[in-house]
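Labels run A, B, C and D following the written order; every chain starts at residue 1.
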Amino acid sequence: MRSRIAWSDAQSIHVHGFDLCQELLGKLDLGSMAFLQLVHRMPTPQESVVFNALLVSLVEHGITPSTLSARLTLLGAPEALQGAVAAGLLGLGTTFVGTIEGAARIVQENPLTSRIPEEVDGLADSIVVKFVEQRQPIPGVGHPIHKPVDPRAERLFDLAREHRIDDSGEVLIRAVSRAAERRLQRSLPVNVTGAVGAIATTLGVPWGVTRGLGLMARTVGLVGHLLEELEQPIARSIWYQAEEQAHAEVHSKPKGDR
Amino acid sequence: MRSRIAWSDAQSIHVHGFDLCQELLGKLDLGSMAFLQLVHRMPTPQESVVFNALLVSLVEHGITPSTLSARLTLLGAPEALQGAVAAGLLGLGTTFVGTIEGAARIVQENPLTSRIPEEVDGLADSIVVKFVEQRQPIPGVGHPIHKPVDPRAERLFDLAREHRIDDSGEVLIRAVSRAAERRLQRSLPVNVTGAVGAIATTLGVPWGVTRGLGLMARTVGLVGHLLEELEQPIARSIWYQAEEQAHAEVHSKPKGDR
Amino acid sequence: MRSRIAWSDAQSIHVHGFDLCQELLGKLDLGSMAFLQLVHRMPTPQESVVFNALLVSLVEHGITPSTLSARLTLLGAPEALQGAVAAGLLGLGTTFVGTIEGAARIVQENPLTSRIPEEVDGLADSIVVKFVEQRQPIPGVGHPIHKPVDPRAERLFDLAREHRIDDSGEVLIRAVSRAAERRLQRSLPVNVTGAVGAIATTLGVPWGVTRGLGLMARTVGLVGHLLEELEQPIARSIWYQAEEQAHAEVHSKPKGDR
Amino acid sequence: MRSRIAWSDAQSIHVHGFDLCQELLGKLDLGSMAFLQLVHRMPTPQESVVFNALLVSLVEHGITPSTLSARLTLLGAPEALQGAVAAGLLGLGTTFVGTIEGAARIVQENPLTSRIPEEVDGLADSIVVKFVEQRQPIPGVGHPIHKPVDPRAERLFDLAREHRIDDSGEVLIRAVSRAAERRLQRSLPVNVTGAVGAIATTLGVPWGVTRGLGLMARTVGLVGHLLEELEQPIARSIWYQAEEQAHAEVHSKPKGDR
């Protein structure tokens, strides 16, 4: 039973083997600190730019189920900001940020052994077939609004290439997107979670904690929304409106009609 | 009813008025994005270094009630990493990171109107008296291990000065520390949460969301602990040991003895 | 370090000194089990009826911030029902069920020493004055819809009297209601949380965990709402509608306008 | 968009078509209210006894990861009891109470069409084979301590039969237990979650919310543990002990050794 992440004595605090005060504070941004936590070494300057970009791309999505839940929770429990943030994070499951995990898992469980287009496409086809047969959505591709391309995914791939991050993940997830489009006959571009999953893989993040990238980023976003809620509250209006609509029909119903 | 933080259409996503893909991705680290969320403008390069240092100082404290709670939760619900992180955040209340809020509130509600030592000390005395009279701990000062100084606080103040951040907050919180030491006759150095609260104030973060800095930083830390828990689990040992100790005495007790 | 609540060996499980299988299962309802947990003895049949009524009165309030938050969370994380329930509970803070705690605290910190009307009213006045001076709401009185009386409070007090529960709590909280109405010149009837706080006090529940009665009851309510959400989902409509309204004005705004 | 569970006007509150004050308060215990929420009708007296017994069997398991997490959270955030309860619930996932869901799903997806022993055993075998082939644990059977039988399961089945609840669920889950024992050659008795899943099915609870029975019951248990924690705290000892052990080895490690 041991933990090797951090320890301290009266004079110093060590994190992943580095002296916090002397070697980390002032020398490392929060995103690079996250890299250190997940990859157990310092990022190169190039890796730091790209890893931070992955996180920044996930911070904000405006009004979502997650930010609504956080705002509604703050209305009931203003004494505990941590509870409102936690309520927001709890909605970051399989439907939304969980797709990062799915995309990263695809890339980590199917390492590219060739870049010959036919072989890559064959691998991608075999991946897509499994999801389709199990009637499961293919993680990392498709978006209700951003099509034919998700501009965030494209920008992240561009950044990764500019900073000389190996592009194996991109090659495979793009092939998966094409294979899915062929098979399902609709626009299924690589979306932002697909790009994050693919690039995080190359940077060394195990797929089982890639959902954590979304959690880190969205905590930043949720605190921003709670600040706005404190300044210009909307939770009470959302509540009243939902209550009125949801109960509109039932007030006159006889007992036991369900 | 409106939210001005983020919005999007098929081609672009805007966050706080900036085009996410063109103006933020690759140009901004996660800590600076957090600054943008809380202060509603881009940080200067100097502000970015200091603000990131505040966040990095809060990421890791090793084995704490918060990281234990997250690890124990993952043991029971491995399907939902978000639940384990949320459980960890829920313990970041008044006892621990809440002191950032208290320290920031002191600084924001008592703006320095003079730097004459006697006047600063008088202000600090009046602040300390209120806490002592209400038998409440003085936020931002004192540490069980790190004394006579908390090296993280000193390093953060040094960084802030080096990067030409106004030091009004530091001046007041150091005076509060001295006033508290005089009155309570024990070592009560400014601790890391005191430094964070004071410097965050100068950077423009409202005290009501300063607890959010701890939440952002610790989410990074919690995901790191959950990765370690997946690789080298300790939660089950902690559980069995606690169970054995807590129940040791009671197995032979007669019914109704309490 | 010990816990005396429950322990077990291969043949038996004991809870608060009772054999779970032989003495509790089939002989005790869930509300009485809650009484056993909080008061450390079996309720009498009369106490059981009244304590269950307190809990049942708190189970359902239809569409509230708490049930909305739970439903929105399930939309994002259908894999973890426990996360959706937890998100719902997190909104049960000082604004809503926390008032049970406030009312119970009033009654527990101000034991009736006389039933002479003038003395009771004097005590109530002194209590009300403190809240008014600190500009804090008086817990347990007032309701936006249920006035001039909250029918649930009246019914709970009737039940308590019918079942011969001591009415000291009722006497005081009613006097607090009258004192508040005199001072603030508006209708402030004892509401359901005031009645629950007063009666729970008489039954022996320490005020520091009376918020727990709301948590127990609302967990029952939240699971009911999540079942309805699975069968007739409304979360996605609430999200889309809130998103559209919240962003309506800002799409055409120039950058940097805030 | 509508919700039919509860609505109210100034004079009355209705829940599932019943007048809360006139028809529910004082006439219904909390467990029966839970039945009403999940099955949308009043339980018979027999059903009420059995359903309450299911819930009561799940309330207490002493010191568990869930109760530890709640206690550790209260230490950090004593201002928010709801956060500590939520942290405890978040650990009630697939490892522990999730097995109720698994057992209920088996029974609901494999309705008994015959009671001829060979046919029941054949059905059970086919169920067990699927789990074994997918290398997944068989939900509802096996217990580390309670063997060769789990006394709670036996008691619940006895109660159900005494109260004339149809025993189809029991017949199948016992056959699954025997089939699992034959195939895996070890003791795998029906455990308490298997019994709860089977009986809840007969009572009409959809498997997708059976995890909710555990959440309702454990909320009662968690509030009990938090009361004990307030009176006789153990969280700090658990923390210090875990911290000391986890860091014991690493203090002298050179940097970068992982």
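Note that a contact is a pair of C-beta atoms (placed from the backbone, for glycine too) under 8 Å apart; a residue touches a chain by one contact, two chains touch by 3 or more.
Nothing here was measured: the structure is a model prediction, and the numbers come from that model.
Student: How many steps does it take, at the fewest, to get from subunit A to subunit D if each step moves to a chain that touches the one before?
Tutor: Steps on the shortest route: 1.
Student: Comparing the two chain pairs, does B-C have more C-beta contacts than B-D, or is it the other way round?
Tutor: Spelling it out, more C-beta pairs touch across B-D than across the other pair.
Student: How many angstrom lie between the centres of subunit A and subunit B, each centre taken as the mean Cα position?
Tutor: 23
Student: Which whole number of Å gives the spacing of the CA centres of subunit B and subunit D?
Tutor: Each chain's C-alpha centroid was found; their separation is 36 Å.
Student: Distance-wise, how many Å sit between the C-alpha centres of subunit B and subunit C, to the nearest whole number?
Tutor: Their C-alpha centroids are separated by 31 Å.
Student: What positions in subunit B touch 2 or more of the other chains?
Tutor: In subunit B, 1-4, 7, 9, 62-63, 77, 79-80, 82-83, 86-87, 90-93, 234, 238, 242, 246-247 touch at least two other chains.
Student: Taking the complex as given, what residues does subunit C use to touch subunit A?
Tutor: Those in contact with subunit A are residues 62-66, 68-69, 72-73, 75-80, 83-84, 86-87, 90-96, 98, 234-235, 238-239, 241-243, 246-247.
Student: Using the touch definition up top, name the residues of subunit A that touch subunit D in the complex.
Tutor: 1-4, 7, 9, 14, 16-18, 40, 77, 79-80, 82-83, 86, 90, 242, 245-251, 253-258
Student: Within their complex, state which residues of subunit A touch subunit B.
Tutor: 1-13, 15, 20-21, 24-26, 28-34, 37-38, 48-50, 52-53, 55-57, 59-63, 80-83, 85-87, 89-93, 97, 145-147, 151-152, 154-156, 159, 162, 206, 208-209, 211-212, 215-217, 219-221, 223-228, 230, 232, 234, 237-238
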